[in-house]
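The two complexes that follow have chain A in common; it is paired with chain B in the first and with chain C in the second.
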Partner chain A sequence: MQRAAFASKNSLVTLLVSVLACVFLYFALVGSLFVALAVIGIGLALIVLGEYRGKAEAIHTAFGEHRSLGITVLIIFVLTLPFLLKGNNYLLHIVVMGGIYSVVALGLNFQMGSTGMVNFATAAFFGTGAYTSALLVTKFNISPWLGTVSGLVLAAVLGLLFGIPALKTRGYYLSLVTMALQVIFTLMIINTSWLGGPNGVPGIPAYSLAGFSLKTSVVLFGIKLPYQANYYYLVFGILGLAVLVAARLYNSHVGLAWNAIEQDEIVAVTQGINQTKIKLLAFALGAAFAGLAGALYGHYTSFIGVENFDFSISLIFICMVLLGGMDNVLGVVLGAMLLTIVDEKLRDFADYRMLMYSLILIIILLARSQGLLPKRIRKYGKLRDSKIEPISNG
Partner chain B sequence: MSLLLSQIINAIMLGSTYSLIAIGFSLFFGVMDIVVFSAGDVAIVAAFSILVLMGTQMLPVLDSILPHAVSSVVMVFVGAMITALLMLLMYRLVIKPFEGKSPLMPLLSTIASGIVLRELIGIFYPQGRNPQAFPQMLPSGTISSSLMISWRNVIIILATVFLVALLYWFVNKTKIGLSIQAVSQNREAAMMVGLNWRLSILVTFLIGGFLLGVSGFLVASYSEVVRFDMGSMYGLKGFSAAVVGGLGSMFGGIAGGMLIAFIEVFVTAYIPGGSAYSGVAGFLMVIVFILFKPEGILGEKTVEKV
Partner chain C sequence: MLELCNISTKYGQIPMLMEVSIKVDKGEAVCLLGANGAGKTTVLKTIISMVKPIKGEVFFNGQRLDLLPSHKVIQAGIAIVPEREGLFPKLTVENNLLMGAYYEKDKQKINHRMEEVLTIFPKLKERFRRNAGTLSGGERKMLGIGRALLADPQVLLLDEPSLGLAPALVHEVYAVIERIKKEKNLAILLVEQNALKALSVVERGYALQKGGIFLEGSSAELRENKIVVESYLSSCSV
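Let's look at the complex of A and B:
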């Protein structure tokens, strides 16, 4: 009896929180600069306050019990968003970019969040996917879909190669290697005319499905949806898949092994974790995510230039993971979405863009280094229901 | 022959500027076990401070009471003092709060604060995003026209040698320098014998900032222009030099700086189309070094303990 009441209360909490989250995101998106900033500010304050009062843990348990309910609300929100935005192409563009960046940030999270290897070459992976697909499609006339797959594969191979230094070094040395690789990537693109050089690659064709180009607008349920809506559904389909993969990995033995490496590498190895395999997996998988997103980016914007893939972009991805919460799948997506929205809202102040990002980074590090949605203590089996607190590993 | 010689002089000059910033990295790393990634940007702040000072009436006033050479030195000194204080501020704001936490945090916070400095120059200096001509404060005449050695080259190299010698004397012969070494080797032991480790760290940052300031002046004099975002590449190369030479070692920084400079200069000079790829060659060498000799040329090999 009491148990039933408890369960229904938790389902209500889940429903309320997920709807509230969607409402906040919606208003942050559609509001003008000040409205958006105010909404985001209130949202952040609520998250921090909830954590402070211990409510976050209760909400987390509620979500754990009624996961399908929360996911349903989110899926309905994602599916109806283009209609809620009344086919506004600019707002849809922001969300599409947010989706693309979320996929990249999820990939970076495998290395940085789960395994504790700060990778400054994410933009190089992102660029590898974009350049591979764009060049194959524009120069050899292959299908953009095939180009995207090649971009993903090549980025993964590059990730494997970039991951090799991670086997021998760590910490600052590993960071320096990834920085050097990122700089080398940028220099190679600028200095190789076949890769477009400083002029970039223009005129990248769009995807088409059975003769229907994704660059055409559609009228659905009486609302004229711009072509961005097609990409919106494509990108969010892929993002959904990426979230699924990331969440499954987090809960699997692979996620645990990554965390073990992050905690203490030597202890992890002595306990029988295959360091080579598990570290290379983090790099290859993360790079594959970034490469896929890069190819999508190229076919969406139809132009790529080297400035979309340089060191500062890598830093922005790091910022996204850190803001959202390291090793928290939902948090990383939230961080990527929020930063993309804020970035677009501040478009009029483009000169201050990098200044803003670096100040945000410093403020997160100083004030809330665990991110908006911090990493939770893993719960297994009966521990979930019992009152016994699992021993904190942080 | 004279081409080769002038290339060597050029490489030594470039290597001097890399060495100074590498020593800065090593100083900070030694005393706090962190990498201060904003070092390159701090150095460029010195160059811009000197530019601003040149715009004021300070130099003519100084010239009226002092010989020109001395007043130029005073200007550089003032610029370097500004960065020394900036480094102290940086220590207080973005390094000290992360003491004892994951090394990832000061790494990211110093990168971010470097960008803040860079962007502030770009925003607040008049037309700050365009390259600025850096006034020639060093004498321009040549010593030997057949060998293409100018006074500028000699002064940059001599200034570096002088600074390194001064630093060597300071670290090894003065009481505070020795206490900095003690804190670098073992902070707890240094505390136990009653050394003021906090003061040692502050002094290290002050000296390191001063060194970075002078190196910023030298690199600006070398390239004759300054750009607001020059610091990122300069810092990355300085850090690479420190790692190649052996992070934490003073003479290692010089060796690493020279090695990177020689590779860059010679790839540019002797490989067709090499100028575009000189940076690539330098960084490739850094990666090879980290993979196969991570302790660097002069660093000590450390064995990791659980």
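Let's look at the complex of A and C:
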């Protein structure tokens, strides 16, 4: 009897928190810059307060018990968002970009959050996917879908190749090597006219499904949805898959090995971990995620230029992972979404945009250095025993 | 079972080990005594292939270990408890233990070993969902040994298990080593400065000085040996 009451209370908590999260995201997206900042501020305060009062752990247990309920709320929110936005194409564009960046940030999280390898060349992998697909489709007339797959594969191969020399270095030196790769990538694009040079690649065709181009608008349930809505569903479908893969990996023993390497490489090897393989996997998978997102980006915006893939973009990806929470799948997606939204809202400031952007980042990171949803204590086995102490960070 | 044949190693230009030969048989416990800088840890690093010898071979059941990468050596059935345990401080006790069985795919075997280890170390069960970084010195030592046991090794390498522990805890750790030796049929190579303690649990021992073996014999012989008494036993009495 009591148990049932307890369970229903937990399901109520799950429902409430997930609906609240959706409402917050919605207002951050729809409101003006100040509304967005206020919403983010209130959300941040709630998270900090919740953790201070010890409520966060209770909420997490509730979510653990009723995961499907939380996921259902999120899926309903994602599916109905284009209608809630009444087909506003600018707002939809922001969300699509947020989705694309989320996929990249999830990939970077394998390297940075899980394994502790800060990669400054994410934009280069993102660009590899975009350029591969765009060039194959515009120059050789292959299907954009096939181009996207090629973009993913080539980025993964590049990640693998690049991972080999990077394995010889650690920590700051590894980061320096990745910076070098990023600079090489940008210079190579600018100086190779076949790759479009400084002019970029214009006129990248859109995806089409059975003769239906994703660049046509649709009328559904009496609401005229712009073409962005098609891409919205495509990108969020892929983001859903990416989240699924990332969560499975986190809970698998690959995720455990990544965490072990992050904490002590040498000891990790003395437990029988093949360091080379596990690190290369983080590089290749992260690059594959970035490549896939890059290809999507190209076919969505129909134009790519080198400035979409330069060093500053790499820094933004790093900020997304840092802000959202290292090694926390949901946190990373949240970080990517919020930063994309804030970045767009700051367009009013024109020249001062990057200044404002950095200021907001500094304030958030000062207020909460571990990120919005920080790394959690990892659960793994299922040993049930009354003598086991409850989970604690202490 | 485990045999080092005329191993010589160098760190850069500096010679570390010179013609070291050590043998550990099945079910046997052997200790390696020596002062700081004698090369004790280097011997262990050579066994797990983290230091490559410039001369000599390491054999394990007839297989050359020095040609394998480190993780393959571990997978071949050798587990090491590094000096100062080498735990993962931000992983739970549970996950630290599971890292020991990292390459074991059979879930049932892992569960079985986990239960076994938790009966040897009931304290770890209480701390199961805590981060390893929050454990006390003695608990950390136990976790280090427990993690090695989860690999179900044929050879257990222990690097200075008494290091940094209070005398009462040293006693406890050695009681555990004795118990493991009795209950499990595995070979133990114990590297130690605390000669008296080490010689109380092993059958045979070697003494290392400046990178070379200068004495070997049964633990009774070593305990009576004048040089051993003078170098190790008189100054450190626990």
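Miscellaneous remarks
Criterion: the second predicted complex is superposed on the first by the 364 of 394 C-alpha atoms of A that agree within 3 Å, B and C clash if a C-alpha of one lies under 4 Å from a C-alpha of the other, contacts with A are read in each partner's own complex, and residues count from 1 in each chain.
Throughout what follows, a contact is a pair of C-beta atoms (placed from the backbone, for glycine too) under 8 Å apart; a residue touches a chain by one contact, two chains touch by 3 or more.
Predicted, not measured: the structure shown is a model, and the values here were computed from it.
By the document's definition of touching, of the two partners only chain B reaches A:191; chain C does not. In the superposition on chain A, contact is made by A:267 with both chain B and chain C. When the two complexes are overlaid on their common chain A, residue A:180 makes contact with chain B while staying clear of chain C. When the two complexes are overlaid, the chain among chain B and chain C that reaches more residues of chain A is B. By the touch criterion defined above, A:366 reaches chain B but does not reach chain C. Look at A:257: by the touch rule set out above, it reaches chain C but stays clear of chain B. Of the two partner chains, neither chain B nor chain C is touched by A:22. By the touch criterion stated above, A:81 is placed in contact with neither chain B nor chain C. Shared contact residues of chain A with chain B and chain C: 264, 266-267. Put simply, chain B touches chain A in their complex at residues 35, 94, 97-98, 101, 103-105, 107-109, 111-113, 115-116, 118-120, 122-123, 232-233, 236, 239-240, 243, 247, 276-277, 279-280, 283-284, 286-287, 290-291, 294, 304, 306.
Listing the residues of chain A that touch chain C in their complex gives 253, 256-257, 259-260, 263-264, 266-275, 377-381, 383, 385, 387-394.
Considering their complex, residues 116, 118, 165, 168-169, 171-173, 175-177, 179-181, 183-184, 187-188, 190-191, 264, 266-267, 311-312, 315, 318, 322, 351-352, 354-355, 357-359, 361-362, 365-366, 369 of chain A touch chain B.
Within the complex formed with chain A, the chain C residues making contact are 48, 50, 69-71, 74-75, 80, 82, 86-92, 94-95, 98-100, 102-103, 111, 114, 125-131, 134, 147, 151.
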